[in-house]
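These are the structures, in structure tokens.
After this come two complexes, each holding chain A, first together with chain B and then together with chain C.
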Partner chain A sequence: MIVGERKPFDEIVGFVRDCKKILIAGCNECVTVCCAGGKKEVGILSSALKMAFSKEGKDLEVKEVTLERQCDPEYVQQLSEYYDQYDAIVSMACGVGVQELAMSYQDKLVFPALNTNFMGASQGQGVWEERCQGCGACVLGRTGGLCPIARCAKSLLNGPCGGSMNGKCEISKDVDCVWQLIIDRLTGLNQLQMLEDIFPVKDWSCAGHGGPRKVVREDLKS
Partner chain B sequence: MRLTYPDSIRIIRLPCTGKIDVIHMMEAFRKGADGVYVAGCLEGECHYLAGNLRAKKKVEYTRKLLDEIGIEGERIEMYGIAASDGPRFAEVAKEMHEKIMDLGPSPVKRVVRKGVPS
Partner chain C sequence: MKSGSNLERILESGHFAVCAEAGPPKGSSPKVIQKKGGPLKSCCDAVNVTDNQTAIVRMSSISGCVLLKELGLEPVLQMVVRDRNRLALQSDLLGAAALGIRNVLCLSGDHQKFGNHPTAKGVYDIDSIQFLQMVKTMRDEHKFINGEDISGDVPFFIGAAANPFADPFEFRVTRLAKKINAGADFIQTQGIFDVAKFVEWMKMVRDRGLHERTHILAGLIPMKSVGMARYMRNNVPGLSVPKVLVDRMADSKDPKEEGVKICVEAIEQLTDVEGVHGVHVMAVAWEDIVPRIVEEAGLMPRPVV
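And now, the complex of A and B:
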């Protein structure tokens, strides 16, 4: 899932300081699961903003809505009937959702309430870790299913660096050395010989270095 | 026991403090409460094992949020009180009442005195 976290409250207040009526739009997908921008968080932000305005003697009218997804036009369009009644839209989705709202409602200010962090997985309640950088050329088939691009601080492709100590990365004792994990896993699977193949130079052109990426499926296009 | 506690306290009953959520405490403040405290079972004695511990974390989170908004975080508190301990219940009610009286009205309420915000 895409993992995000709420921006500092002052930053959000700064966006809407001059507004009288705002629409806060949550998203029912990834940011609901990572407890950053779902229905519950929309309610909390709404309550907090109203209090911050009340404290300064101002009124703020808030419409709370949580879309099924903000990354699909059919759901984003659900706001079209009433978005123009508000001074601004605050999106609690990831950066994708914010942009979809901004592109769909050209005549309306759209602000992000979250910082979008990474694509990751839950590691217990309240803990998420990065697992994928979307490099566009997946190497997991050669690394025992564990990603050295996202999980090695240097994105090394041919084994650990000298900073791997007791299974931990030199950047932090809380970060596993993914190459240690890869070697341990392949050893357990009796497949360590897989690492004897030298990784060719990785094609980074599909990793965003060639500009914004796009996927087109001709068989699905309308 | 015929114990008394301040009449400023309004009790909202929950099946377990584990049921409480951040939004409930936030809305209490938004609607004009000067302080909120959650009275749960003693730590280690939750019938649902961790309800009061979860509530404690949610109170901490709400306190940080209130501080971010500019409302004194000390206005919210979590207490562990045994269900059978009436004297402690009354003592906590007085303690919280005095603390809030010292802090004065909530900054939200100071401005919204005209009426309860919608």
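And now, the complex of A and C:
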């Protein structure tokens, strides 16, 4: 899932300081699962903003709505009937959702309430870790199913570097050395010979260094 | 001869090589590197010039190499893939070749997090092994990494680093093999304090015949104080400093002398290890101790080949 976390409250207050009526839009997908921008968090942000405004002697009217997905025009369109009654939209989706709202509602200010962190997985209550950088050319078939692009601090394809100690990365004792994990896993699978060959230079163009990316499936286009 | 460098000639003729290291300054004065180079001239076959070591911005490695060359020393150009993409690396290699630099050490580089620009984007477009392959292709096939032709020669003696003390221990030999397959003519190891572990690693290296396919130079870091010993033992990832050495430094009335003694003892042990073809003395901020260490280790005078 895409993992995000709410921005500092004061930053959000700064966005909507001059508004009288705002629409807060949550998203029922990833950010609901990572407890950052679902229905519950929309309610909490709404109450907090109203309270902050009232402390300053101002009124704030908030419409709370949580869309099924903000990354899909079909659901984003659901705001079209009433969005114009509000001074601004605060999106609690990931950066994708914020932009879908902004592009759908050209005449309305749209603000992000979250910082979008990464594509990752839950590692227990309240803990998420990065797993994928969407590099566009998956290497997991050659690395035991564990990603050195997303999980090695240097994205080494022929690791581990000289800083790997006791299974940890040199940048922090809290970060596993993914190359240690890869080697352990391939050793267990009796496939360590996979790492004998030099992994060739990677094409980073499909990883975003070739400009914004787009996928077109001719077979699905209408 | 691949490059005709002094280091290559020394190693290929079967002599035991001695390298040292000179780090460029955080400033523009040529005097700093010249001062470091002076005492190293007669006791070393080649001197590494570090490349923004520990991710701290310094005078460029190429400039440092040229300054040493002007003094009559032979430089080893260190290059890290942290700060340059494949275009910049190849461009700098051509420039280094034009300036008469004949040795290059291909490295990943310490992560930018450790340096003085921790928010910088680390480039890591290619990794150190791919970098070795690239330099070899440039030298042997006169081709850039994209397959286009290079005009003129790119005569480098190609080096790589190896750390026998990082984890996972057994895989370190595989990674060394990859570096050799990629093009490493010589290897400079991480600083060795735990000689027994290094000897164990060298046995694994010999078991795969790798010692016959590259020149391994054993790395040494002379210790100046017990504080330095403790810091390296506790804080530097990839270094293994046995407690007994920290204790020796702590118990000594003259820690600098003890540091020299420990270093010379290690060299004496390492020269006896089959497959070790030289030493690389990294006397960080203590370059002027190197002549004494080389002398006491019985490695003077340096051969002229």
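Heads up, the rule we're going with is that the second predicted complex is superposed on the first by the 222 of 222 C-alpha atoms of A that agree within 3 Å, B and C clash if a C-alpha of one lies under 4 Å from a C-alpha of the other, contacts with A are read in each partner's own complex, and residues count from 1 in each chain.
Just so we're on the same page, a residue touches a chain if its C-beta (ideal position, glycine included) is under 8 Å from a C-beta of that chain, and two chains touch if they have at least 3 such contacts.
Predicted model, so just to flag it, every value in this text is computed and none were measured.
When the two complexes are overlaid, the chain among chain B and chain C that reaches more residues of chain A is C. By the document's definition of touching, neither partner reaches A:L189: not chain B, not chain C. Residue contacts after overlaying the shared chain place A:G167 against chain C, while chain B stays out of touching range. Applying the stated contact rule after C-alpha superposition, one finds that A:S155 touches chain C and leaves chain B untouched. In the superposed pair of complexes, A:M51 makes contact with chain B only, with no contact to chain C. Contacts of A:V201 after superposition on the shared chain: chain C is touched, whereas chain B is not.
Contact with chain B, but none with chain C, is seen for A:G43 once the two complexes are overlaid on the shared chain. Once chain A of one complex is fitted onto chain A of the other, the partner contacts of A:D10 are limited to chain B, with no touch recorded for chain C. Taken in their complex, chain C has these residues touching chain A: 82, 86, 108, 110-111, 113-114, 122, 124-130, 133-134, 145, 161-163, 166-168, 171, 174-175, 177-178, 181-182, 190, 237-238. Within the complex formed with chain A, the chain B residues making contact are 21-23, 26-27, 29-30, 65, 68-71, 107-108, 111-112, 117. On chain A, the positions that touch chain B within their shared complex are 8-10, 40, 43-44, 47-48, 50-52, 54-57.
The residues of chain A lying in touch with chain C in their complex are 153-168, 170-171, 177, 180, 183-184, 192, 195-196, 198-202, 204.
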